[in-house]
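Lettered A, B and C in written order, each chain numbered from 1.
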């Protein structure tokens, strides 16, 4: 039954040269640099930000003296903050609603074959791949109060100028009129996040298994029927993920507003992120800046949780 | 001496169930030992623990009499061939085979010699400069074996190396493998779920189910003297017939289930066999039916005329020597000296 | 290396020869008209979206070569070159502004950030896919979620950290801080790659005589080169995009990067030198777009948490 008993060799706990072979040791060791970085440069600052928001830190007085929730109430009572809060939600959800519709259309278009498809695909991506600040600069010029080409086009179409629907001025003043300025920011956010949503949706579309489509064809379902009863329900999880990303990138963005209008005219395009920046960096009130930025957190956390759940469900389906 | 031994080897994965449940196993030197069992029975986990790829929860592994439980694979003097052959895709066949020698820091000239030797034995001298993706399944198997051979290990561990081959190739690959092992004479532990492979190749077979060895023995012992109903029904196609009678479970192989008048001895058990249908398989004929409530199958060579037509009930019998008795609740053999 | 476009299924045409008799048989002519109509809508839609996306860039590029006398003349048709196009503005960009400094800084920061990212991400991704068991996937997603923590929240305390480290107003501040978002994103990305490499190759190498580290170096990494390349590309792209930290940490031209410097520095007083500004933006936009295009599928697989294969 059993072999002859032989003297056992030295147990491994006393063999340090094999230490790095133990998964229990190697695993955490390999994770260490990344985790350290994250803890030091994300975790720690996060805690610090919360501390700041509960204190009276300014650029001048760097000591952290806790004062409770005073900053939050002060911030909340501020009119500009309320504007910023409203704008943040407006820009985010209006733009993403638009993106949802447009991305679906565009993804459908791109899932078909046609001449020049590669070129279109490349062009479609440009708004997303260009660094945000540079794209914003491009739009700054595009929406210039004197030289905007959009104005020029409207003028030639007879829609702008004296005695016209958009007149009487010869320019729309996109960035100087509050409503138009908000519309511009909204437009740019939509323009910028559309590519990402589209590409994610497109990938989801092509991932619909062929046999599902085949079965639908055999069952006699035409184009629209397939769309409504098959494709869209199957795409719902992916759509959710795409929209959630758009929400995150729009909700927390300060670059577009900062470069385009600095939050103007008169704080009418201010968003939480840009307001926090202006207060914190340019105003020097670190505590209030942190408090304002922290208002971003609940929505972000909610979005992240939603995204996790949807992604998990996509994977298991 | 290159024997492989496990003592009380156990492996629990996170979810509580024991994949391997206190297995005691001992091979002899140079034997071809097969670990046979259905998917998920723990045979691969057992092999991996022997190889050092999976740390056991408890128990010990001994190779050549030395306890190697805490040693990493490279310190165990073993070679392993995976189901997928795990050829390094970015290296040529030569470099694949030479890889273990490089790890030993052997001088280049010696490497060349050994690779040539191993390639010669496996007949792949012409393939040395090719890349794995250019090889057929059978060729890849030979490269994997050459790589395993080249360091002259004490033990070969093979994890279902034939399952990736298509059916035709499998028979000839089986033949080659066995010749190879006989020629080289290294102790080999071979995992498979295919009982034909096991019976055809193994010196001894360990039949494993749910983490435990049900029986360890030669193919002859396993087939003719099964230790429990699992072994009895796992080997043999169609499996052993099991019929309850008088508080026991009687077992008999389909080929031992013959018409009563043909058996014609006093030392036999008779059964009323109600026939449902017949299958003609070319070399043999299978008769399906029932004994009482239990299903039963009888097997005959095709050139024998069987006096049993569907619909009828006939007196069939099994000679005493061919009858095995099992305990209906535990499944264990009751008429076998332990 | 990832391919760019997943093959698209054949276009849907309405069933012409379907045996469904509705009573109003569609003649071949009507059916073809329907198909042509559908194609027409397709092209119209594609054109609309292409224009919507690209027009600002077209305008950008057009502006670059316009002379001042042409650009700033309200009576001129802005869509054509009324005066001949010129390269003067591009030359001015390179010779008379800090643009080249910005580009150099961006490259230095990018290379350093990519290096740090690789060093941290490769072992982390390996550990999470191979060594962390069931925790691996969850931790990986957790690390990815760190990427979503907005810089607009962290830049205030990070400014303090940067100052404490003596890196105020230096590009090295960015080198130190940027990995805080490239690492989370790229770890998740690389995990996707490692997951697709079969385990048995490393295990075979360990059997063949190498330690785990040796096995990784000799077998996993060579096979994972496309994945490593993707990490390099995205760490690079993320670095190029970043604005908030750059704006917060650097104030002098010598230390700024493109993303930060162009919107702030290429404005003299209140005067915007638009043509040069547009050139500055366009020069960067195209290479980055090309890079993204090549690696898009992996990017998407990473973003959708692997739910959609690239």
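Criterion: a residue touches a chain if its C-beta (ideal position, glycine included) is under 8 Å from a C-beta of that chain, and two chains touch if they have at least 3 such contacts.
Everything numeric here is computed off the predicted structure, so don't read it as measured data.
Enquirer: Please categorise the chain-chain contact pattern as a line, ring, star, complete graph or other.
Expert: If you draw each chain as a dot and join those that touch, every dot ends up joined to every other.
Enquirer: Count the C-beta contact pairs for A-B and for A-C, then tell me which is higher.
Expert: A-C
Enquirer: Using CA atom averages as chain centres, what separation in Å is found between chain B and chain C?
Expert: About 53 Å, centre to centre.
Enquirer: Distance from the CA centroid of chain A to that of chain B, rounded to the nearest Å?
Expert: Each chain reduced to its C-alpha mean, chain A and chain B end up 56 Å apart.
Enquirer: Hey, how far is the Cα centre of chain A from the one of chain C, in Å?
Expert: Whole-Å distance between the two chain centres: 14.
Enquirer: By the touch rule stated above, which residues of chain A touch at least two different other chains?
Expert: Residues 21, 23 of chain A each touch two or more of the other chains.
Enquirer: Residues touching two or more other chains, restricted to chain B: which are they?
Expert: 72
Enquirer: Could you tell me which residues belong to chain C and also touch two or more other chains?
Expert: 211-212
Enquirer: Spell out the residues on chain C that touch chain A in their complex, using ranges where they run on.
Expert: Per the touch definition, chain C meets chain A at residues 5-12, 14-15, 18, 20, 39, 42-43, 45-46, 49-50, 52-54, 56-57, 59-60, 63, 71-72, 74, 77-79, 119-121, 123-124, 126-128, 131-132, 141, 143, 145-146, 148-161, 176-177, 179-180, 183-184, 187, 211-213, 237, 240-241, 243-244, 247-248, 258-260, 262-263, 272, 274, 277-278, 280-281, 284-285, 288-289, 291-293, 296-297, 300-301, 303-310.
Enquirer: Report the residues of chain A in contact with chain B in the complex, numbered from low to high.
Expert: Residues 1-4, 6, 8-9, 11-13, 15, 18, 21, 23.
Enquirer: How about chain A: which of its residues touch chain C in the complex?
Expert: Residue list for chain A touching chain C: 20-21, 23, 26-31, 33-35, 37-38, 41-42, 44-46, 48-49, 52, 62, 102, 105-106, 109-114, 116-139, 141-142, 146-147, 149, 152, 191, 194-196, 199-200, 203-204, 206-207, 210, 213, 220, 222-223, 226, 237-238, 241, 245, 248, 252-255, 258-259, 272-273, 276-277, 280-281, 286, 289-290, 293-294, 296-297, 300, 304, 308, 311, 314-315.
Enquirer: Spell out the residues on chain C that touch chain B in their complex, using ranges where they run on.
Expert: Residue positions touching the partner: 133-134, 198, 200-201, 203-212, 214, 219, 222-223.
Enquirer: Quick check on the complex: what are the chain B residues that touch chain A?
Expert: These residues of chain B touch chain A: 3, 5, 7, 24, 26, 55, 60, 62, 65-72, 75.
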